[in-house]
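In what comes next, chain A is part of two complexes: it sits with chain B in the first one and with chain C in the second one.
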Partner chain A sequence: MPQHQAKRLALSQRQAALILLLPFMVVYGLFLVYPFFNGVWISLHDWNLMAVAFNPDAKAFVGLQNYERVMWGRNITWGAFASPALQVIGLLGMLASFLLYRSGRAGRVTAIAMGLAALLLFVLPGFHPGEGGRWYDRRFWPTVGNTILFVGLAVPGVTITAMLLAAALNGETRAKAVLRTLFFLSQVLSVTVVTLIWQIMFSPRQGLLANVTELLGGSPIVWLTAEGFAMAAIVIATIWWSLGIAMILFLAGLQDISQDLYEAGALDNATGAKAFWYITLPNLKRTITVVVVLQIILHFQVFGQSHLMTNGGPNDTTQVLVRYIYQTAFRDSELGRASAMAVFLFVIMGAFSILQFVLGREKDE
Partner chain B sequence: MKHAILGATALALLATGATAQEVTLGRFFGDCENAGTDTKASVGEACIIQSIINAADAQLDGVSVNTLPTDWGNYYDQIKAAYAGGTPPDVHVMHRHRVPEFAGIGALADLTDDLAAAGIDPSDWEAAALEAVTYNDRIIGVPMDFHANLWHINMDLMDAAGLVDESGAPILPSSPEELLEHAAAVKAATGQNYLAADFAQFPLGVRLVLALVWQQGANVFDGDTATLDTAEARNAISAVTQLFDAELANPQLNYADSQQAFLNGEAAILVNGTWVVDFYASEAANTETALSNYYAADFPTLFGDGATWADSHMWAIPAPLKANDPETYNAALQVLAFINDHNIDWARTGHMAVRSSVLESAEYAALPHRNEYTGTADIARDTPPSARYGAIQDVLNREFQAIWLTGKSPDDALADAQLDVQDLLDR
Partner chain C sequence: MSGVTLSNVTKKYGQVQVIHGLDLQIEDGEFCVFVGPSGCGKSTLMRMVAGLEETTAGQITIGARDVTRLDPSQRGVAMVFQTYALYPHMNVAENMGFGLRMNGVPKDEITAKVAEAARILKLEPLLDRKPKALSGGQRQRVAIGRTIVRGPEVFLFDEPLSNLDAELRVDMRVEIATLHKQLGATMIYVTHDQVEAMTLADKIVVLRDGRIEQVGAPLDLYRDPDNRFVAGFIGSPAMNFLAGHITDGQLSIPALPDAPTLPLRLPTDRTKIDFGIRPEHLRIDPAGAGFRLHLVEKLGGTSYAHLHAPTGERLIVAEDGESDLSDDMDVGITFDPKRAFLFDTKSGMRLR
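Coming up: the complex of A and B.
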């Protein structure tokens, strides 16, 4: 910037930036940073929602006791093969990330991230109550497990469906434009509407799915109350609901791929599925990373689908972390304990955010 | 000119402010769009209560009532969050079982000395109703009903199975063994299920099992001790699960589906509350509904003593309103008095009235099916008072559902429920 202009403005670039950023900082601080630290503060207290509202002195500082009550237990021990299936997968994961790094198929950061995830998978399931012991809260870890299962099903489901749809609908015909809009429409619905639609779809008495099964001569599945189907049901509803954004991201990614690549590929006989596998997919790698990480962060916060469609049942199989936090805070009025769980959720999502940040930078190099 | 307009607006605002004191009202019972103000014509809980509220809004001088949007399933979460945020509704409905939780921390206004001036006579309330709204010897609410689980019966299916006596009343089982026999008889005669209830969503199945536990003189907790893992609980559960095992009842139906099954003539008996008597009576009169011959019976005694799950609806005013805003408090009391005056209209739902004068009236006795469940008031029961009631119900609902929906063994489910309820009582 020429010097005489800067003098006339009487504001340095730094000052201007600060002023322009101020409104954002104030709102961000007030509505995100402050509540976050307040939440951490509450998690260190025995804090009854209603009692504290009527008498601010009704809370008591308990340090980390809420965390202990939620996550720990009596006589908890660790064994290398306490839950063999998960821990063996963890061990194999660590081996695989090392080998991938050595053979140059994975970057250093990717390998470290994978290795860390595998290490956690080896270490965490090893904790279990020893003789005469028990978890203080026997529902917390199964609830975390359900949430991870939900994320593990919904994220690949959304990603693959959205990618295939985007590939099919990437073009300039009118029909494709109409279909793109149609597929995106579900995204704008609120969770109450989505769950209502799908409750009707899944209803064994009047639902579309039941009618189809009956037409084919089967007896209808009671999706929402059958142990093996309830989680699948909320995953299906979620995929239908959150397809839109992922599809748009993939469409943007597809349009970034140069047509020249396809022309060159066609000369070498790579068309259709081959072209998708050898040209489209590798070029979408970055978009896939973004979509996957965004979806992971989003779906860890699943609440409405579980709360409204299955009430967390049957037998807690669809109980998820945010619903547990909600119930603990509002049904049980135990704000401190609920905040401790919320901080735990924050750590998980924070880890994935960092992962996204790191992966994004690695590609830039 | 500008000042004149502003002044006139301010005056107009003052004038309307003086003529109508707005009272915000929170309630569950569901939505009713066009309830009107005729408290004698509406059908079903939602429309009857809304017609009473609309009538209060129209007829009370200087009081306007604004019904806040609330959701049945999350009602208490919403109300508690509103209290915590300092903005509870000026009057709100609640259950007797929530009194320890709300009154225990002083959230509810003490109405004892203000009822008479508002035109509410507590001496007209039944003793059990007065007890329901009393906490530490003070009256903290206005009772509206007793409600309880009934057996709603399709008499045509019962008749086909030979389960109707000479007086035209249904023959109901008096033991778990007889329950199974009756259920098999209905299946053999009609091909339909004997019993339906919401075993999959709301805790109606829990209330059924609880009644059978109480009938054996046991309970699920006593003071600070969980007493769930007992032989009585196993008996109660197996009385129900024997029907599922023999495919004489379907545990996978939720509230709406089980009700639909009953109305479609696919179940001889529906276990549900008093709140649907007028609705089923009107559906039975509807020629398009398969159910045409409806009877509302007391919950039968399968074990030693009669018992059925029961609770009360009541209206309360937040303590801060009484302390900080006497004008709105007085208006809120008028709304409660109006609801209390219309106890007979609320009883049209099928609920039992709380006022002796109403209970003794000819109009009350003439309500449809009323003479069929006169024994219910005497066998009404509930779990002991606890600030953890909601959470305990959820534990029972989860573990019992696990038994009939996922095949968890009763031993494991009761052991887990025992631990969880004890944890809740220990907190």
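Coming up: the complex of A and C.
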């Protein structure tokens, strides 16, 4: 095209970029950025959902009081061994990250991230109500604990299962292709369907698990209402549900590993499990990081499984953060306090997003 | 150290047979090169020796051991891959020591062997680096180092130089030749580059379509090819061929007006033949006629003159020094009939 003609039609690169970005920016701003800041704003108010709906002036600025009401208590003290098990693990974690860094087995960013996590594990469980004190909100921290427990069980569960499945199904036979599809299929189901399926599975009367237990001569477990099992039940359903994406990511990672390496391994006497440990696993490190962090971010937002399968019970053992936020906001109408909790959740997830960003950019030293 | 014997070795992928019952004896300490065009089965054959491909039928022995059904790691072979296949997450020292580590060799022994191999290959300053931080030539050396550390009975090289640039290729070729002298081990080397084959080999095995065309020392193949394929494959530039036929014991080659008298017994029945002569055995006769000089490539030390015969066939003549010929001249050619070959067009076999 002659230049003078092109000039008339052409936009500068910057203009073109702006125009192309505009639709996204508008939607993003309207439905994400604005609500986010609005949420932060609400969290600084005493804001009753019903009252404000009828009378916009029925809110009062209270500063950080909501945060205090949710996270703090009367006469809270800190003790190095208030919650010995967790805190000792925290201490060991700090020591381990230091040693790993010193011996060169962990990169700097990894070591710092691990050390920080361990430090938090040491510091946070140390807070407890002192003599005559109490938490303002007795359910908040146990709920956070449940959420972390859920994440702590679901993420390794999904990651390890997905990795083993991917390793087993990585190949070109038809059977493997069919199985890959089958295992991925659960991913496309909605949480309602998933929980329904698993409620049936776990049912002590006609459930598959109960039938198997009875066949083996045991008495069936009442999964969803037994305190020790409810969380496990939710985690199992979640693993089954969110296996697909992780498996696909691992399959992509596996296909990135050159077949030559396995042939070199075969000559070096590294086959089977040895090959998996010494060749596959180290080369999947990046994929594992991505999967783990994505799963952490995803599973901190768990809601449906707990809400639909156990209603947070029994005895609050499966009450999770998002469900608590939901109840506080829409059952108790305490929008201010719920927003404060939401901001807390945002900080946790934001931290993991940053971690993923940093790890993603970290080069192999 | 020990030799390798293949007897009636066959490879089939499903119904497709790619190696057709080969017999081959590689002596202890010999440098044997498998050469041939792509798809001739040379890599497959080497991978069968390594155990990376299953042998469908026949027997492979290394030394006195029948290794046909053994795992790759138990055969006493080590291999340099075309892509080097270095473990990307291990540094150079770990890469070289990995095989020993997997076989439960004590740590200090591994360190000593890695250090020795690093010394031979001048890799000492690189031992802590990851493969990513190495140049192509360095990676190649690490891959070779990995095989040395293993101390195998047989070294296998699968087109090891094909990923290097031309200059480095020449250097590495010399290094591999030196290494063979130093170690005196049996080596099998796969390449499609006949120059590599000629310069490195004690014994060349020319393969085509899963069959051995000829086995012999490089110069024997050059001087005395058994068939048209070997004659055309060995030597650079390739041998010139002119079509002709024999009628009533009389040789006639349309491109050459006066048919040469060759010192061999011609068949009496009518046969189509290919007349072969190497570019370096042809001379240009500026006074002669019949061939049009199409192009002269002047390389300094040698010149390659590309000629067009009246029949449309093409010839290359290699001349020493800087040729003073110019394009589009009409010239003739001369040669020593003793240097010429005749091949049966149909079977490709040489007429002797």
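To be clear about the criterion, the second predicted complex is superposed on the first by the 353 of 365 C-alpha atoms of A that agree within 3 Å, B and C clash if a C-alpha of one lies under 4 Å from a C-alpha of the other, contacts with A are read in each partner's own complex, and residues count from 1 in each chain.
Criterion: a residue touches a chain if its C-beta (ideal position, glycine included) is under 8 Å from a C-beta of that chain, and two chains touch if they have at least 3 such contacts.
Predicted model, so just to flag it, every value in this text is computed and none were measured.
Taken together in the superposed arrangement on chain A, chain B and chain C fit without clashing. Contacts of A:205 after superposition on the shared chain: chain B is touched, whereas chain C is not. Once the two complexes are laid over each other on the shared chain, residue contacts for A:278 go to chain C alone; chain B is not touched.
On the chain A superposition, the C-alpha centres give an angle at chain A of 140° between chain B and chain C, rounded to a multiple of 10. When the two structures are aligned on the shared chain, A:187 is found in touch with neither chain B nor chain C.
When the shared chain is aligned, chain B comes close enough to touch A:53, but chain C does not.
For chain A, the partner touching the most residues, choosing from chain B and chain C, is B. Of the two partner chains placed by superposition, A:161 touches none, neither chain B nor chain C.
Remark: least CA distance from chain B to chain C after fitting both complexes onto chain A is 50 Å.
Contacts from chain A toward chain B in the complex involve residues 48-55, 58, 134, 136-139, 203-205, 222, 224-227, 311-317, 326-327, 330-334.
The touching residues of chain B, when paired with chain A in their complex, are 74, 76-77, 80-81, 83-86, 101-102, 105-107, 200-201, 252, 254, 257, 260-261, 319, 388, 390-391, 394, 398, 401-402, 405-408, 416, 419-420, 423, 427.
Within the complex formed with chain A, the residues of chain C that make contact are 50-52, 71-73, 77-79, 81, 83, 85-90, 98-99, 102-103, 130, 132, 146, 150. Per the touch definition, chain A reaches chain C in the complex via residues 258, 260-261, 263-264, 266-271, 274, 278-279, 282-283, 285, 364-365.
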